[in-house]
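Accompanying notes for the structure given below.
Note that the chains take the letters A, B, C and D in the order they are written out, and that residue 1 is the start of every chain.
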Amino acid sequence: MFRPVCKHAARQLARPSRSAAVGKRHLHTPVPFDWKDPLGANNMFSEDELAISETAESYCQDRMLPRVLEAYRNENFDRKILEEMGELGLLGATIQGYGCAGVSSVASGLITRAVERVDSGYRSGYSVQSALVMGGIEEFGTEEMKEKYLPDMAKGKMLGCFGLTEPNHGSDPGSIETIAKPHPSKKGHYSLSGSKTWITNSPIADLLLVWAKLGSTGKIRGFVIERDQCPPGTLETPPIKNKNGLRASITGMIQLDQCPVPEANMFPDVEGLKGPFSCLNSARYGIAWGTMGALEDCIARAREYALERKQFKGNPIAKYQLVQKKLADATTDAAYGILAATQVGRLKDEGKAAPEMVSMIKRQNCDRALVNARALQEVFGGNAVSDEYGIGRHVANLFVTQTYEGQSDIHSLILGRTITGIQAFY
Amino acid sequence: MFRPVCKHAARQLARPSRSAAVGKRHLHTPVPFDWKDPLGANNMFSEDELAISETAESYCQDRMLPRVLEAYRNENFDRKILEEMGELGLLGATIQGYGCAGVSSVASGLITRAVERVDSGYRSGYSVQSALVMGGIEEFGTEEMKEKYLPDMAKGKMLGCFGLTEPNHGSDPGSIETIAKPHPSKKGHYSLSGSKTWITNSPIADLLLVWAKLGSTGKIRGFVIERDQCPPGTLETPPIKNKNGLRASITGMIQLDQCPVPEANMFPDVEGLKGPFSCLNSARYGIAWGTMGALEDCIARAREYALERKQFKGNPIAKYQLVQKKLADATTDAAYGILAATQVGRLKDEGKAAPEMVSMIKRQNCDRALVNARALQEVFGGNAVSDEYGIGRHVANLFVTQTYEGQSDIHSLILGRTITGIQAFY
Amino acid sequence: MFRPVCKHAARQLARPSRSAAVGKRHLHTPVPFDWKDPLGANNMFSEDELAISETAESYCQDRMLPRVLEAYRNENFDRKILEEMGELGLLGATIQGYGCAGVSSVASGLITRAVERVDSGYRSGYSVQSALVMGGIEEFGTEEMKEKYLPDMAKGKMLGCFGLTEPNHGSDPGSIETIAKPHPSKKGHYSLSGSKTWITNSPIADLLLVWAKLGSTGKIRGFVIERDQCPPGTLETPPIKNKNGLRASITGMIQLDQCPVPEANMFPDVEGLKGPFSCLNSARYGIAWGTMGALEDCIARAREYALERKQFKGNPIAKYQLVQKKLADATTDAAYGILAATQVGRLKDEGKAAPEMVSMIKRQNCDRALVNARALQEVFGGNAVSDEYGIGRHVANLFVTQTYEGQSDIHSLILGRTITGIQAFY
Amino acid sequence: MFRPVCKHAARQLARPSRSAAVGKRHLHTPVPFDWKDPLGANNMFSEDELAISETAESYCQDRMLPRVLEAYRNENFDRKILEEMGELGLLGATIQGYGCAGVSSVASGLITRAVERVDSGYRSGYSVQSALVMGGIEEFGTEEMKEKYLPDMAKGKMLGCFGLTEPNHGSDPGSIETIAKPHPSKKGHYSLSGSKTWITNSPIADLLLVWAKLGSTGKIRGFVIERDQCPPGTLETPPIKNKNGLRASITGMIQLDQCPVPEANMFPDVEGLKGPFSCLNSARYGIAWGTMGALEDCIARAREYALERKQFKGNPIAKYQLVQKKLADATTDAAYGILAATQVGRLKDEGKAAPEMVSMIKRQNCDRALVNARALQEVFGGNAVSDEYGIGRHVANLFVTQTYEGQSDIHSLILGRTITGIQAFY
């Protein structure tokens, strides 16, 4: 039904040539403004990228969107969604080989935007699979790990989760307490013990990428745990329910009690925070794209509501200045956010993206998405309280995106540190 | 001393190739973050553009900056500045031919940024000359006009001003009252009467581009008035003093009392608001660039002050979270604003820039420059009140940029109209 | 267990004498600051008012609070709550006689604050009963109505709801479509038809105060409908489920299909919007108090969390400047809001309160409660998503309080109209 | 011409009785809203306080206002202003005896508001004389000092200044470096050396209250220096020019070079920061009142401009929603700020005001005055740049008030410390 990403057809829209000063003749025939693409970002995408975006958007609107209202109400996550995305080649899409599509970082951002246009919870499930776990294995795993896990993960047959945050260590992962020691009885194995929380996908994950301190060195290392290899009682992943947001994703804990993990399942070379931070950086890049999709959906919904809702002498409320200003503000921030995410994507692929760039766009795009979504929610007046308008769901979700993978203030201090050369965390 | 724009030498920095997924090998050697170019915008500029930027920045820092403090205190504008810029090929730089450099819109934006990094008032003087008057003549003038005026204007030997706003008609230029009728006594001439206000450069202008309603049609038309051709008493341009901001630019009125203007000096084809709006659109594009320069200067000044100023146990105030957050916010907005201005510049040259895109970036960049400059001003504490720190001057200037050429709220409504299809001006 | 409001014992705290310049001798022994009462508002309350407040706070914390988490999760409202409040004399408390306590408007505000400190949904249920329905009957009803309904309502035995808003008429109630005509078959009765929505308590109400247009005059009139007198099929009150906020209150529609209402049940003298607006004004006054209670609870929760949560070298996050600023901002707005609500309460009782004063404090206190609650929610980082911290519930609730009984922007325009003398609604 | 404060006549407006629930009969005749006193604060003031306010307002509007435009342009301060205020009994007005009026703290706040309604610079000059110097002498001076200085200061014949801030110690006065040692040659004298900056009134002061560290103890002590007793070369007070704001006040340095000061001129009992902080607290209380006056003037000016200025089809811009919202926001903050300042004034006189209450109202009222003044400045569009509209002057002044006597962020941390019990200054 949907064309997979890896075999897209040619498209007509050419990449802009960007030669200087050739636009003169166009000046007298003004170009129409498109509120869905206010600063013409589509001109920056390649033919391939646009095709991938179209595939992802169609799938998300046609297949995901109809499921989200019930999923959110009931805190369900349908794991088939990742399977379907796998069929379309959307998982781990930037990876070359291992059954992955090998697309550009911008193309991957466009997929993420399409998913979060529907729901940040779905996007979270997708990001964990693609960026955190597949990305982590691809970057830090052995060739054996890659061959063993990536193809099934790319198909969405095998689901992953990423275990870093602990109950007492959120913004400060350097202090994690989960520990890996030589297993007392099982040769060639480590024994992992500890507790992780707020782990997206943990209750349904087949593969758990867990970060723990190696007892012998005190350094953080990454371990790939296969659930079906864990003896009973050594691994529990109870779900966390009654969330205020991201209710269409599934979240849980990871409780490890002397869980045996083969030595070969430890990432060989990376130690310290470099490993998890590199994965998170990749996921944060995706969040910067995704939240723009959520914001764009809020704009579309608020715009439509404002055009249909009439108050005071039968005027659509879209006629009121206070409503128009909210739409103008939100549209501007969405347009700017897309440009920034695109720029960082390009630099990533050229090896020129500093990690703080990702802090910057993660923070700003989350913040602006949230602020504007809240302002747009006001357009719905009392009706905003009904979940059928979707806006309240986005607002609740976007608050969570602002706090996870680096709360907004923490990223301020990361930026402050790089700007001033002085750390202000404590 | 400075290399003119039109003959710049080759530079080494190559345009990024942007092929996808080639950056893998760089991942393990993180790229350093540059607070002066937080999202790597320099990667988007061509070799020529970077060279032009360098020329403009050097000139502005070395020659303009030393003059601005006294100019601002005394409300002086040294017209030699435009002459010097002319020598470097910086005036009317996007125009092809007529002694102009013919550079890209992005290059022109980089010049504007360099000028406003020093002072918005200097940038105003420059914008009027380049965008409003030279740009207007180039777009709407006859070939005779172009040949007669543009070369001298490009050299900064002949200064222009742009007369649209009237005392009672600011945001609503469609209601202007200045009128042009056949001259009662001077054949082949119109007689112009009316009054313009808040006209940058008017007291020193040699050439006045004035918009007036043609008596016979009631339609707005553009007239090019040569000051030295006006009989005594028909043209007065008294300065407006005691301004709260932009004190390094010169501002005045234009008072026309049956001023005779040759018929050949009326723009031949353009009528209605299309003419002035097209010119303003061009100037607004420049403001979007310029205000980012002013904001960048505020960041640099606040950062330096915060690193040097010590309070509480000898810590530099740059160590305080509340200070770091202000720097992070400002740096982010500057980085985003530059990307947006670059994007619109590229689209302009490709003939793909809708006028509302310019409204968007003019509004947003002015607003964010102002908000952040104000926040950074707080970093200076009580010392901010001293004009030697420069920050108060930028704050006062940036407020003016937010109000002129379309006050921020007006641009909200322009955007709101294009987003919703409904006007909310009245 | 709790002392009823109407028979409170004496208390020791005297009302301040407020004679000028007597405080000199105290200057050298600084008074401690109390973050729970930052600007010493308790000094403004009488002994009786403080006693009432204490009764209400004790009841709410001891009896309501333990129920709210489940109620919110399951969208339940336990009608026994209103019965319990009735036993304590807290319902319709400003009314003199008819079994009501006859307390000051400030005392009533203190009750409201205590209730909303627990939950805005509970406060909504309380406000509808007390301010909208009991207040409406007391102000506009006949002596017969008062004697018949008020005593049972004061006990919480009879529950009321208030039907004004219609599906197509939220901010603009002048356009309601529900109509009352002489009943075709039942003598001495009107026949009411129409539909109301977003009606707090409607599914459980025994008494429905419904505003409808009288067919003969086109003027809005108020009708008191007893549910148990309505023939089957003439009155339906289906609940509205899946709300984003106020989930601990019950909300529904009122569907009237030729519902017969005795002529004696129409308010005799009031017509037009004056009736419902007077009731709403009274409810809005309560909201101004209540939202401050919710905000104060957010402050207490965030403060406690910040003192217990440790990050980065074992510091409580309360040590971080960015956290302290959020607490300082919120505490300030709570303190200011309480003063403003107290002032309007005093003026109400003196007959000096203009309706726009209520617009002002409703708008400002809702807005500031919401903004600060959102900022404080950030203090909880990722944990905010867990409903057990309570903060997310307050945030979701406070958004609804900002939109109902006059959305914030609408109150801006009410204020703008009275400030300028010009209406800007359309 | 104006009636002095100390002998005001009786007024008719009675203090409200505030008995509960007496307002019923008024409900049907709505009270008109007064945008100049939105929450009826005038009802809280005594007859005497209202009379004093009237005297001060009349003087300020009739005598001060006409001088301010030129004073601001030229950075002049006419010391006759303080003499005139002295004649009216407005200086040191809360002091009992010594020729002072002995009014309540609220009355003193009303005077301050009247002065800053004209200009924050004038208010600064007044605050230094009244709160910082007269207040300091009255609180900490010997009986001899009081009798010697206060009567002349109350008449405005003798002007004072307050020297605490040093070039390197703004927010952190505990680190000041000015030192007092036994004078090497003059018996019974201290020798003071050091440098103070940003000292309002220093160039024209007759009496300088200077805080210095006593060499023998290292503790801060207060010294009263009579300019005309200082040998040449031991005291210099050069003015600081070219300020961005407060240009109608005179500011300077104090340079002490072995300046001899009689031992009897040291405050006898107070040491450490307690002395200066107590004075500053008193001045900050005044700033909280004063900035509300400046904001009220901005509201009045913006309202008038919005009613007169017509744009788009001849509508006054007061009709536009975006303008009305700015007016509504500002009016609300002004009303709330006045209530808070009144409350703290009452508590001061009862000896119940914690210093942090003053931090709260100083911070909030300065912040809100500034934010709203800036928003109202936008109402003037391009005309805001002309100093004749007065709004730009208020904006520039209010920025300074936000930074001096405790920059806004510093007060956040003072509040944060008292709320959490943890200091976050470093």
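General observations
Here, a contact is a pair of C-beta atoms (placed from the backbone, for glycine too) under 8 Å apart; a residue touches a chain by one contact, two chains touch by 3 or more.
Per UniProt, the chains are A, B, C, D = glutaryl-CoA dehydrogenase (ETF).
Since this is a predicted model, take the numbers as computed values, not measurements.
Path length between chain A and chain C in the chain contact graph, taken as the least number of steps between touching chains: 1. Seen from the Cα centre of chain D, the chain whose own Cα centre is farthest off is A.
When the C-beta contacts at A-D and at B-D are tallied, the pair with the greater total is B-D. Put simply, the C-alpha centre of chain B and that of chain D have 40 angstrom between them.
Inter-chain spacing, taken between the CA centroids of chain A and chain D, is 52 Å. Chain contacts: chain D has residues 319-322, 325, 409, 412 touching two or more partner chains.
Partner chain A is touched in their complex by these residues of chain B: 16-27, 30-35, 38-41, 43-44, 46, 48, 94, 96, 102-107, 139, 278, 303, 306-307, 316, 318-321, 323-325, 327-329, 331-332, 335-337, 339-340, 343-344, 346-357, 360-361, 363-364, 409, 411-413, 415-422, 424. Of all the residues in chain C, the ones that touch chain B in their complex are 320-322, 325.
For chain A in complex with chain C, the touching residues are 73, 165, 168-172, 198, 240, 242-246, 310-313, 315, 319-320, 322, 374, 377-378, 380-388, 392-393, 395-396, 399-400, 402-404, 407-409, 412, 425-426.
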